[in-house]
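Letters A, B, C and D mark the chains in the order given here, with residues in each chain numbered from 1 onward.
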Amino acid sequence: MSSSLVCVQDYEEQATKILPRNALDYYRSGATREITLQENKDAIKRWYIRPRFLRDVSKRSMQTTVLGHTVNVPFGVAPTAMQRMATPDGESANARAAGKIGTVFTLSTIATTSIEEIASEAPDTLRFFQLYIYKDRAVTASLVKRAEAAGFSALVLTVDAPHFGIRLADLRNKFTLPPHLGMANFQTGDEKSNRVNTSAGGSGINEYVKSLFDPSLTWDDVAWLKRLTHLPIVLKGILTAEDALLGLKAGATGIWVSNHGARQVDGVPPSIEALSEIIKAVDGRCEVYVDGGFSEGTDIFKALALGARMVFLGRPLLWGLACGGEEGALNILNILKGELDSTMALSGCASINDITKDMVIRKDHYSRL
Amino acid sequence: MSSSLVCVQDYEEQATKILPRNALDYYRSGATREITLQENKDAIKRWYIRPRFLRDVSKRSMQTTVLGHTVNVPFGVAPTAMQRMATPDGESANARAAGKIGTVFTLSTIATTSIEEIASEAPDTLRFFQLYIYKDRAVTASLVKRAEAAGFSALVLTVDAPHFGIRLADLRNKFTLPPHLGMANFQTGDEKSNRVNTSAGGSGINEYVKSLFDPSLTWDDVAWLKRLTHLPIVLKGILTAEDALLGLKAGATGIWVSNHGARQVDGVPPSIEALSEIIKAVDGRCEVYVDGGFSEGTDIFKALALGARMVFLGRPLLWGLACGGEEGALNILNILKGELDSTMALSGCASINDITKDMVIRKDHYSRL
Amino acid sequence: MSSSLVCVQDYEEQATKILPRNALDYYRSGATREITLQENKDAIKRWYIRPRFLRDVSKRSMQTTVLGHTVNVPFGVAPTAMQRMATPDGESANARAAGKIGTVFTLSTIATTSIEEIASEAPDTLRFFQLYIYKDRAVTASLVKRAEAAGFSALVLTVDAPHFGIRLADLRNKFTLPPHLGMANFQTGDEKSNRVNTSAGGSGINEYVKSLFDPSLTWDDVAWLKRLTHLPIVLKGILTAEDALLGLKAGATGIWVSNHGARQVDGVPPSIEALSEIIKAVDGRCEVYVDGGFSEGTDIFKALALGARMVFLGRPLLWGLACGGEEGALNILNILKGELDSTMALSGCASINDITKDMVIRKDHYSRL
Amino acid sequence: MSSSLVCVQDYEEQATKILPRNALDYYRSGATREITLQENKDAIKRWYIRPRFLRDVSKRSMQTTVLGHTVNVPFGVAPTAMQRMATPDGESANARAAGKIGTVFTLSTIATTSIEEIASEAPDTLRFFQLYIYKDRAVTASLVKRAEAAGFSALVLTVDAPHFGIRLADLRNKFTLPPHLGMANFQTGDEKSNRVNTSAGGSGINEYVKSLFDPSLTWDDVAWLKRLTHLPIVLKGILTAEDALLGLKAGATGIWVSNHGARQVDGVPPSIEALSEIIKAVDGRCEVYVDGGFSEGTDIFKALALGARMVFLGRPLLWGLACGGEEGALNILNILKGELDSTMALSGCASINDITKDMVIRKDHYSRL
């Protein structure tokens, strides 16, 4: 397998051929017309890398820290729901791959593998838990406590999903989880939180979210969460300077710039555009991460140059899992590592700190010379 | 039907398959090269939505008012001619659908259903009458009086059609109304205003318009109309700040920014571009509406954020009518309602008032950061 | 024929089907990669028309004057070489069509119909003579004298062709005139000026030009020409403000902005872009014309709004001639007339004077609002 | 052959048909997604030529000097590795063609023809030697000495290749040199420098470079090189003003702006964009050359206008060699010469000095008028 698949796009093409339609569409889709899905990628390409030469790049390191934890590469695994549709051991395979390369794995609230399973399957992997807040706050509080108990290192509170976005393919497919899979974090007790059923009217997952997630969330709930846990809180889904500042005020330890892989509202800013705005507003007062449309080493390099501390990847790992389970996921991470290493070598950067703001420039810049 | 058609574009594709060529072309066409037809849509996509999070969006309302009348959604039905080519009960079906969702229906002067029929078929629907001024001012005055008598709530004076634009497909098809249909507002008395005949030289509808509409209209005629009626007057087709200001001076109650669905002159500004210019000029002194190329919830959201009070839809309703008569039209309105609701939920807007100017930004903005 | 061909593009497509490859390629081609050929058109589309309404457009006139001569429409026929490849009576048919619609016809030096034939075939048509200056100045002087004698009203000195541009199709075809045709203005005496022969190495017409035209021309030669003739001199092919000002200084009566239909150097400014620059520089001190890529009424309207006095058309007439001889050429002119009339009616312009600068705006303008 | 291939693109298309896949891919590829490969070309097209007329262009010369040596044309041959895959006498054919037209040929370190062979096969050609610095400095020093001894006129130190970029096709093909070819500059003694072997993991050439080239190079090594040789040193691969200034300081005699034909990092500036920035920084203090995506006369003209002293061509010569050996290479050079000559004639430039900065303008310029 791995020998003929040499880049993330190869994996995507291969996954497109082998995944069942239902799962493929769920993984691949963006909201409505999917313009942002494409723009996430295009916007990254509108930045140029300004390589510097005749610097000693014989010894290179991609090591950095995230929330104080050392990672071998400045990119990690974003939370994506229901990874067992891609490969039997879904989230576990993904988490083990992240561990092998030495970076962070983020587990989704609506995973098909539970908090505890991940902890036991990937004990040495740095793990974050992505939190959706349920109307039933007891459910939420229990998730937080379980993540703490299982040795997760941070809570990633996703703020952009009071509801789920409209994804046309899921509507057409009346998307639902295959019968043998469930929301693993709710396997005991809360039956309705566990199942994603076919419904008369459309996407099963959207109905699940509509009935259980809490759309009345406000900044006060961040305060509630902070009181509930000693874990650092990262806010995921921020797209404006305004919200980033509110996040800082609310005590967030990290801001994760994201448009949820273009799955919520079509027509929001591409994440790399939002990144610049937010980096400027935050001005170093907390760590800033980004995801959305990153699929090669140069993409990651650009985000780092713009000031992101980590880049996260969603779909690329799903393609890796679909093509080869844990080995596939690890291949993806290794491809990206190799590409980023090459970009650094060929741009005069021996360490992450060398990837400074002046190493990128907007394409439009030249039309103003 | 409705279950597999999940967005306006699905309806458009389906309508394209089932409408007779003659009618399809008449409905679909824009002027000459149809560049503006495409740009109306593209220009909307050049705006980004800046979503805000952690605001309570558990209870949302799309209610607003138009000329003092409460409507459930901030979008309504634009006047389009001759809807009975799409479905047997044409305009009536459309008007009933608008009523069911709780918004305004605008009847065209050159409809295939008369003022009085609409009033009796859709008595509870908020109705506007779109007026073309005929050379024969007695004809015009009678239309106005009949609209008043039939309980219409406003006159929409279309200013952009002294003639009709050049639509190549209609020229090729020598477009004319099917024999069983007529201009329903002229069924008694004025035979020549009723018929659209095949002619030797080209589009029958263009010849109709050329022989009957008054191309000598000036701002004085707005004054004449104001004296004639107690109904509020909305000027439809304004594309420049200059004309919007003249409209205000002439006592218009509303300005309806429109390029007539790109059907008059190819190469005029996309309507959303004209909207910004006009909102700025009008500066809150009257209500401003817009139409042209809107086909999903995010599109409507953007126009509202830019300052439009209502967005109107032309072709989308024709596709709905063609695919399923009244039910099809209602599906269209419900799809848009659902999409707008989703956009509001995912952008932190619980009510129309929350959709403020800072929630949108031009794509180009980022290249200036 | 004419009934199914309703726009210039229809004629172009039809001509593409029926013209012999050799002639079609010669007519259609632009220089090398033909990027400017496309950009001439695209650049026009980057301008928007800002239509004004409620102005009396019941009586409209397109009349204007060119060099003091009244014409019925603000557009005319550009010089194109060797029109008899398109239809047996080539330039004569074209000149008669121009006369019928009431506008100017420009005869090329390298026409397949002579100065005298045109004068006798189209005596009532306003005629300009396009001049190429031959190394043999006696040849040139004789052309000028014959044009004067034959009642031509102006000399159009083409400045952009010391050589001919590289047109790949002509190189591949080893383009040459069909044997029964010759350079009609040289039928007596100067045999080598008459023939375009196949050559070993490439395009016959390019070799013709290389051996006969004078590439040593300077502004002094304009002075020489002015002394030689009482006719007004129009400089055709100007693309920069600098050259326009030199032209004014040299006593030109008109500046004809043109990139020779994108046939000389690929990568020069689209003519409508050069027009703005030149209008500004000339500042009303002489008449300014433009050609290049104009193919519908709105195109012409835009150039007039930008300040051009006349728009000229090259290829569109060739397509007309190919499809229907004189009638075809006349159809082209009538289509453009109808389209321009429609554009004026729908933009609030009753006369050419109403087409002012504020009626157009660059597309980019909106991104700066 | 030559008669039907009339431009560089024709040669490229023909070469694509006849080269073995392995070689074609190696020659053609750019790094990863190959966006820069396309942008190198597109960016050149974003500049317009502003032609001037009525200047005497009857006698034209393209002569200029490079590092004090007179050349007949302002463009030369860039170093490309392993030309014997294209035609049996590879680099020799290329060097002879360059000599025939009167310009410079640059020999790659990793050529399939040795320094000494080139000197004896093309004794009259102006020759530069492109240097890669090997970890084994004795190897490097010996190359320099051999180039000096063989009468090469300059050292072109390629600074952008501490490693080779990631080229997906080579990874897929596990690219390696055909068995009968070797790195000719290393045929004696250093066996491992001579062979490019298939490897388990990917591109053979990349492994060759990784194991032998020195990625610890710094500006100090330029100083070392200067002490080693009396030849002028040109730095090839500079893409930023910062590095250009460091190059000046280090005593470079020329700066060769290049992104290595888009083969190192995808997403760096197109070379013509970098050129402007660097010309400005260098401000005449040394000669500046450029390569990357140049494939017609107008392209070269634009770079000269922007301030480049020479333009270099890589792939075009490979296509020429593939289609017709030395004759093919010469045809390429003659096509470009003819096209540049035509561009000069049609832009009012009789000599290279006439090609001034004001003769080009960015496309975007017009949107600011």
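In the analysis below, contacts are C-beta pairs under 8 Å (C-beta built on N, C-alpha and C of every residue); 3 or more make two chains touch, one makes a residue touch a chain.
Since this is a predicted model, take the numbers as computed values, not measurements.
Colleague: For the homomeric pair subunit A and subunit B, should the interface be classed as same or different, according to whether the shared residue numbers exceed half of all numbers used?
Modeller: The interface is built from different residue numbers on each side, given that under half of them are used by both copies.
Colleague: Quick one: report the Å distance separating subunit B from subunit D, using the average Cα coordinate of each chain.
Modeller: That gives a centre separation of 59 Å.
Colleague: So how far apart, in whole Å, are subunit A and subunit D when each is placed at the average of its C-alpha atoms?
Modeller: Roughly 42 Å, centre to centre.
Colleague: Which parts of subunit C, given as residue numbers and ranges, touch two or more other chains?
Modeller: Residues of subunit C touching two or more partner chains: there are none.
Colleague: Can you tell me, using the touch rule above, whether these chains form a line, ring, star, complete graph or other shape?
Modeller: Contact map by chain: ring.
Colleague: Give the pairs of chains that touch; include all such pairs.
Modeller: Chain-chain contacts present: A-B, A-D, B-C, C-D.
Colleague: Show me the residue ranges of subunit C that touch subunit D in the complex, using the header's touch definition.
Modeller: Residues 32-33, 35, 159-163, 165-166, 168, 171-172, 202, 214-219, 221-222, 237-240, 242-243, 246, 264-269, 273, 276-277, 280, 362, 364.
Colleague: Could you please specify the touching residues of subunit A with respect to subunit D in the complex?
Modeller: Its residues touching subunit D are 4, 6-7, 9, 45, 47-58, 296-298, 302, 338-339, 342-343, 345-347, 358, 361, 366-367, 369.
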